[in-house]
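Note that the chains take the letters A, B and C in the order they are written out, and that residue 1 is the start of every chain.
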């Protein structure tokens, strides 16, 4: 071994650093690109789940005055007058609907109250507003003289909030009892259902994929390659095409029902489309290649002579398979299972098209809050919970399988 | 394979059952896709076989849904958009992804594991989350509802596939070739183009194909972020399936199946070529 | 190695430039108009969109949606405006208008009728009731059955729709509280004139949900009116809710054995409105003025929708007259636009929770 002089060592470390920088320089363009196009959007969405200034921007003075209110009885008339004035302004600018929507999230039912009140207040002339504004407010709905209403307004006005996470976990903040469960449990059930369906899909993929991969691995390689095309073709076929296929198959008047009726096996058609059964079936079909490919590549690498040796030494086939072959295929099985599970937990398109009301998963409710109820903050909160789950699974995958070892056909 | 004598009757039966089961699974994989093809020639506006079709009456079969697709301006716009967006997204993803894969494959790469996981994450994060985030972020940049926005989004989703395929061809890559070329006075660009690129070309091309199909098949981001001007084929299919099921979707689906067969064959040829090339370059 | 970076950067710049070029190439003056597709969309394409494109040279992107205000809200609130002109159900209109999603449509853009009547007198008053839109048709939500699948007992009243003992089988409804809540109350015996008053009270809402509960397991939900004729045709449901024109078109164009039940129908207007903040506001107004002239509106009775201009009726196909909602007004109620503006949100939320239960 040669001993380096200090200068030489320094040189080596400089050149090593240079090499590291060079390697890193190759990655920088993509890294920057993904940070801007992919990471930043997701981060901004997560931020949205806790930062919510809308109400504070709509009724700033009211909120400021409510800050001095002691939280008992109703706020003093001057505060109410300020609120009526702000509401009047919003109604004129057609922004009272936004306020109604926001307040409704803190307390269900407030939307129609705010809207009908805004309609009345909006009709007042400036003088009338001065003189009978507060009275109009209190006459418009009895709830305006309740303490809870104003507590809700106060709560909705918080700029930083974890309320959406509470809602996403079916909890609510009670003014006296603190955090408690909501009456109706929606999202926890949905998460549970999503996990259950993802598990079912993963299990089905394993049950169908394992024997097939085993069979393919036992064939001579050119024949196996030929049959592998039958696995790869669905893999390469558009997701929408495969979903369309399942719709055509499962419809009330679809291929399967008319076939079964045609041969006289059933009298009335089955309801298969728009159920969770349809979701699980179609997704198993779509994700099966993700299970088969890693299994196959692991099984191909296993020398069949191990098993043969065990058998010739007198081991019975099943125990030999279970003790010798199966453990060797575990890396492939876990890689495939984790991948299938990760993908199916966050799936959107297929459940949306074939799932009906019954087969919806958590992604669909996120899409619902994005597109139909316009509750973007709740969508963001639900999304970040889902993201946390996925990242946890991805971390497990990376640890045990290695993210870099994902195989594509 | 000849069955050794210690394989008993049960084992034999087991093998038969395995073969039967495997073929059933293969049928399960392939039949649903094949069923679409004849259905797309339906003369009636239904998603199922009519009696006439089963009796093979010629008038029960027709090309009307294909005609409809190619005369509907919405489908034509969608087809054009899918190819424009797919092309540029592929270009972007392939250039950035290949470059990054070359860096990742170097032994000196710092934080390799973390960076790999980060760069591959667009493949793992549920599309609904990506799409929702992009909707807000790109809207604030005025990029939502533009071709450029969709191209950038799709390029981001396609890069993991390029990294994976290029990395696969780079494992076992002999850097001494590149070093030798550098020592002989070639410029780094020349080295990349003339030495490295030819060796990894199969990986780059198959990565590009994956990136293309990713963009070509992507619907969630388009659904959230794109406007009517950026309608793509899958987006058009999605709304068709939700709103008005008619067999023109099946006609498009059949064309897409043809396309995937072409892509699959291309990939297979590439794989064989890569195997051959490796066999020559690195005799083992 | 830095050079290869330069190439990738320049390739990126090139691709961006090309993408931009392909964009400008397609940026001929265009307008995105959104409506309901299906038979109605086809009639609009023929009588409104095509003539407009021919006369003005503007390229119209004619899109479908399936109602509600959510998509427009998302566009306006995110500042990512994609739609210019939208065909609203008036049941959704007041809500969109009061939430600031729409531009005010000036009345002076509307030309007089073909017979010379000034616009203000030519339009029925309901068509100009909201400052955010101009009404174009009168239509109605009805239900229908298929002679082939109904069996022995035919449906005659709205009560039959909720009576699964009398007529067994699935019912198909559009997935929203609007009209369904009204139907529940009407079928439960609430007098037509009291429906909205009752529905405004917590007890009334309870009552409507309770009535819907009795039917819940037999309901097939669909998203868009276009799906309805298909459901009735392929036996997905025995009684199907839809817009009267959808059924009319299937009966007339495809000879389907569908029978429309008018009892308890909820009639409403459709109206053209302009999304707030669209960069093509003036062109959008021009489109609305064009689309609501006597002649384009005279094409709407093709699908059994009544035109909102009195001057259109003489120009229209008279054979549709008995099938227009206006011929059945005494059997139904008018949709409550203001009611749903105030209650759309709260009831929408409760409805969704009820669905998930």
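The criterion applied here is as follows: a contact is a pair of C-beta atoms (placed from the backbone, for glycine too) under 8 Å apart; a residue touches a chain by one contact, two chains touch by 3 or more.
Protein names from UniProt, one per chain: C = Spermidine/putrescine ABC transporter substrate-binding protein.
These figures come from a predicted structure and were not determined experimentally.
Colleague: Need the most distant chain from chain B, centre defined as the mean of C-alpha atoms.
Modeller: Checked the centroid distances; the maximum from chain B is C.
Colleague: Give the identifier of the chain nearest to the protein's overall CA centre, each chain being represented by its own CA mean.
Modeller: A
Colleague: Can you work out the whole-Å distance between the CA centroids of chain B and chain C?
Modeller: 38
Colleague: Compute the distance, rounded to whole Å, between the mean C-alpha positions of chain A and chain B.
Modeller: Going by mean C-alpha positions, chain A sits 23 Å from chain B.
Colleague: Please tell me the distance, in whole Å, between the geometric centres of chain A and chain C computed from their C-alpha atoms.
Modeller: Centre separation, chain A to chain C: 31 Å.
Colleague: Which chain B residues reach two or more other chains?
Modeller: 46, 96, 99, 135-136, 138, 140, 242, 245
Colleague: Touching two or more other chains, which residues of chain A qualify?
Modeller: Touching at least two other chains: 22, 25-26, 29, 251, 253, 370-371.
Colleague: Counting only residues that touch at least 2 other chains, which ones in chain C make the list?
Modeller: 1-2, 5, 8, 234, in rising order.
Colleague: Could you please specify the touching residues of chain A with respect to chain C in the complex?
Modeller: On the chain A side, the touching residues are 22, 25-26, 29, 93-98, 100-101, 104, 108-112, 115-116, 118-119, 184, 186, 190, 251-253, 269, 274, 356-357, 368, 370-374.
Colleague: Would you pull the chain C residues touching chain B in the complex into a rising list?
Modeller: Spelled out, the residues of chain C in touch with chain B are 1-5, 7-8, 11-12, 15-16, 18-20, 22-23, 26, 30, 32, 34, 37-38, 61-64, 66, 78-83, 223-224, 226-227, 230, 234.
Colleague: For the complex, give me every residue of chain B touching chain A.
Modeller: For chain B paired with chain A, touching residues are 1, 4, 6-7, 10-11, 14, 18-19, 21-22, 25-26, 28-30, 32-33, 35-36, 39, 46-49, 96-97, 99-100, 102-104, 106, 108-110, 113, 115-130, 132-138, 140, 152-153, 155-156, 159, 161, 164-165, 167-168, 206, 210, 213, 216-217, 219-220, 224, 233-234, 237-238, 241-242, 245, 249-250, 253, 256-257, 260-261, 263-264, 267-268.
Colleague: For chain A, which residues are in contact with chain B within the complex?
Modeller: Within the complex, chain A contacts chain B at residues 16, 19-20, 22-27, 29-31, 33-34, 37-38, 40-45, 48, 208-209, 211-212, 214-216, 218, 227, 229-234, 236-249, 251, 253-255, 258, 285, 288-289, 308, 311-312, 317, 342, 345-349, 352-353, 363, 366-367, 370-371, 376, 379-380, 383, 386-387, 390, 394, 398, 403-404, 406-409.
Colleague: For chain C, which residues are in contact with chain A within the complex?
Modeller: It is residues 1-2, 5, 8-9, 68, 70-71, 73-74, 77, 95, 97-100, 220-221, 234-236, 341-343, 345-346, 348-350, 352-353, 355-357 of chain C that touch chain A.
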